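Both of the next two complexes hold chain A, though its partner changes from chain B to chain C.
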Partner chain A sequence: MNNKHTIIAFVEDKPGVLNRIASKWRQRGFNIESLAVGISETPGLSRMTFVVDGATTDVDQVVKQLKKLINVIKIVDITDEDMVSRELALIKVSANPPARSQIIEIVDIFRAGIVDVSKDSLIVEITGDEEKVNAIVELLQPFGIKEMVRTGKVSMLRGGQVSASLDEEEPVITD
Partner chain B sequence: MNNKHTIIAFVEDKPGVLNRIASKWRQRGFNIESLAVGISETPGLSRMTFVVDGATTDVDQVVKQLKKLINVIKIVDITDEDMVSRELALIKVSANPPARSQIIEIVDIFRAGIVDVSKDSLIVEITGDEEKVNAIVELLQPFGIKEMVRTGKVSMLRGGQVSASLDEEEPVITD
Partner chain C sequence: MKMDGGHIVCECLVREGVDYVFGLPGGACLPLYQALPDYPHLKHILVKHEQASAHAADGYARVAERPGVCFATSGPGATNLVTGIANAWMDSIPMVAITGEVSTNLIGRDGFQEADITGITLPITKHNWLVLKTEDLPRVIKEAFHVARTGRPGPVLIDIPRDVLATEAEFYYPEKVTLRGYKPYPKIDLVEVKTAAKLIMESERPLIMAGHGVILSRAYSELRELAEKTQIPVITTLLGISSFPGSHPLCLGMPGMHGMYWNNMAINSSDLILGIGMRFDDRVTGRLRDFAPKAKIVHIDIDPAEVGKNVRPAAAIVADVKQALRELVKEVSPRIRAEWFAQIQAWREEHPSITIRETSKLLPQYVIRKIFEATKGDCYVVTGVGQHQMWAAQNFWFDKPNSFITSGGLGTMGFEIPAAIGVQFARPNDLVWSICGDGGFQMTLQNLATIAEHNLPIKFAIMNNSFLGMVRQWQTLFYEGKLVATPLCNPDFVKLAEAYGILGIRVKDKVQVESAVEKAMRHKGPVIIDFQVEGEENVFPMVPPGASLSATMDLPKLEEAFIR
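For the complex of A and B:
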């Protein structure tokens, strides 16, 4: 059963913030599946997106504990909201000339792109939700995946509402 | 002067890894500009990409200190290598009907995409290097950016060589 939760945290861009957050995760035994941290629309504020498994983690506790931390401005579980979710992956695939055209076909079907070519390999760039990225990885596997990097998921509410405006006091259902 | 360093770390997917790494960053006063953590091509191994400012941080020390940590399998500074770097951004822009066509023009020029539309806003998805993402953000700013999420940069060596094969013992030049 898929019980993954997507949490967004807005944190001040100050030394030690990530340490305090990671330390809480550790103390509580939270298992973080992916993490993305980058700048937000507000100078001085970073936006973190992380995914935790609700089957092994008390998500409500994650949110409550992190909310108490200094420099954490806002934290919301947007799992049950109507949202756009994307991740980016770079996949280096073994590709001798005969394999190359088959790989290009797969890339076209997925509307992915090829961002580097060498005599025996290609780098494929793909964006999409986790399922889409998993699907192309599965199809490229037989050619030989030399290396892969994935950004972790980022998410945003659909429509005009801003993600940070979600009411963080709402009870979080964890199972 | 741009003195940003891009570091890749391969870490075992175990509880507490991120905490140990973030704790080192804290102790040493390292200023992390972006961070992406996701699964790699090897089951049980996560790949972290982070960017530090070499002007304020002793990058050589970052690498040396983290290399000593348990569960850190490999860490390399790939800044001076020939690499592909990408990040993904979702940008929610205010867009009443008259503004919409102007925004679509900008999106087309950047080969970006529109992944959500409501009566007064659009979500733009873009992938590229940091400069490209910054450039579209600057052009969209006058319409009103309601929110933005960026994954942080991920990087991979061009050509057939695998990033993890880089010799980590090479001296790192920090300025």
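For the complex of A and C:
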């Protein structure tokens, strides 16, 4: 069954931090399926969402090993939480005139959009969960996908709670 | 006050209480070196290869109980440190390595003697820093010492470009460290302590396995109190040796690949393993899936990531060992387990494991026993890696806390000379014996010059078997005796000693051992004894690589199996 874990991490926005994280993944043989990073609501902190396959990787170790990195401020496995997850994809599809209307039909059904049109191709933009993106990709495949880019999943908890209440764990400074 | 980066580094080191640094200069770190004469309390010990500076800082840190410091220049100087940093990383040794770097305008452009040392040491440091501004130096150095010594200790590295060392800035040493993402001391969970105590009280055949964490936490008396109160026998892992008195009636010695037969059998039958400050390393567990098949596990460690990494504990106390044991000892009460003790005793009698056979030949085990007898164990023992290391672990009984200094996790040959330098500097009035392999000795022997220069009275006992002995043993036992690249063509170690102005003694006969050891101890300066021991002696007991502890071979059984 699906054993994918969604992990979010707040990391310091400093040079080399992604390298430190990736180095841990590589060194410990953790298999990361997708990764999305960008700035967060807190200045100086980036927010990462990444997906780990629990069938091949010890998820507990992924969280604990990354937690040891000084630049990782907070990391949580939110898999069991009630969350919203989205991914964005841009798909360049071959679209000769007869195919064009069929493609537009599919795009409408998925509430996707067409963001670029040329003589023989279209760029489709889709936002949704992984299954939705997979589904449209499958339907567009027969027309010929010339190029595709996916952002990887980003996730956020539903309701009023904040995905990772940052102040719950204050650093212990003992020296 | 305004000063250049080199002086700022020295000021910071003095404030951190550093008295010795081990290193070797080069262009990139010259502004740091040139500042040293202004800080007479900061004594720089010149080694002959940077690997030695890291190992010396490591040996120093182990016994001085504070971070060891080493310096190297950029590029090759920094890369020469790598083995020593990795060694400290694997054994959780607090160390601050400071490297010079090419000037900031050359970084990333393959400048002369540029090596991406922060990139290279990423997986073998707790953290590292490339400092791009002189005014950042005090904060970074303060953070570096804090990170190295707190929580689970470990090495850190600070890479400082030449121009940052040469530029002036206002000096101000921060009082506090603010590292938001660094949480070295997890909050102890008293529910887990209660669960652990309950498991201990219910167990019929418990064992304590004490590791390096006990030493790093200086929890000797707490461990002893727990063992004595609960009457649970104590197994000490290789790095746990000297965390519990070797002569204590509850001390069972080492487990694992070359551990005592009775320990491996006891682990196999135990119903509760209490792992304290240890990480269930493969040399300890044998084949993991067969490890302690009947036992529940209680794991005490300061590093949350160690819990559940190799074994799944029934209870885990994630805390500093000292604190954990203080809490635990309150919750337990004495319990007599006569059957269990009788069983362990029976294994001991059946397989004494470390009896030295009667022979007129010069056996390495015998030499080590004689050193033990002569010192009465009141000394620091440093070792290299290989057979001699295992014999030292087996044939020496350490009552003095933290007196066995060995490369456990990385298994670094060549540790024996530079680590002994660090130990002797940290404990100038104590006796230091270094038990060496003839192979490992030759990996770092250029540093004998440093020993001679400072007249460090270290006693080196080379177990000269003319082989890379431990590898030869594997070839003998598991590769039909096909000896590939293990016979050694050695120099004359006595002449070598003399070349450095060090007293050299050769011992070829069993009868000469005692007098040579005594002579070495009487001699005020360094001594190298070349013990020309039996070449093809094997270390037993032994668990074949990849096998389970139940497959422990001890001498009698082995004779049937291999020596036909």
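As a working rule, the second predicted complex is superposed on the first by the 165 of 175 C-alpha atoms of A that agree within 3 Å, B and C clash if a C-alpha of one lies under 4 Å from a C-alpha of the other, contacts with A are read in each partner's own complex, and residues count from 1 in each chain.
Quick note on the criterion: a contact is a pair of C-beta atoms (placed from the backbone, for glycine too) under 8 Å apart; a residue touches a chain by one contact, two chains touch by 3 or more.
This one's a predicted model, so the numbers in the text were calculated from it and none came from an experiment.
Which of chain B and chain C touches more residues of chain A: that partner is B. In the superposition on chain A, contact is made by A:32 with chain B only, not with chain C.
Contacts of A:139 after superposition on the shared chain: neither chain B nor chain C is touched. By the touch criterion stated above, A:104 is placed in contact with neither chain B nor chain C.
Looking at the shared chain after the overlay, A:70 reaches chain C, while chain B stays out of its contact range. Look at A:114: by the touch rule set out above, it reaches neither chain B nor chain C. In the superposed pair of complexes, A:150 makes contact with chain B only, with no contact to chain C. Shared-chain residue A:23: touches chain B and chain C both.
In the superposition on chain A, the residues of chain A contacted by chain B and by chain C overlap at 16, 19, 23. Listing the residues of chain A that touch chain C in their complex gives 11-12, 16, 19-20, 23-24, 27, 60-61, 64-65, 67-74, 169, 171-175.
Only residues 8, 15-16, 18-19, 21-23, 25-26, 29-32, 34-41, 47, 49, 84, 86-90, 92, 115-116, 118-121, 123, 125, 127, 145-152, 154-156, 158-160, 162-164 of chain B touch chain A when the two sit together in their complex. Against chain A, the residues of chain C that register as touching in their complex are 118-119, 122-123, 126-127, 130, 146-147, 150, 176-185, 303-305, 307-309.
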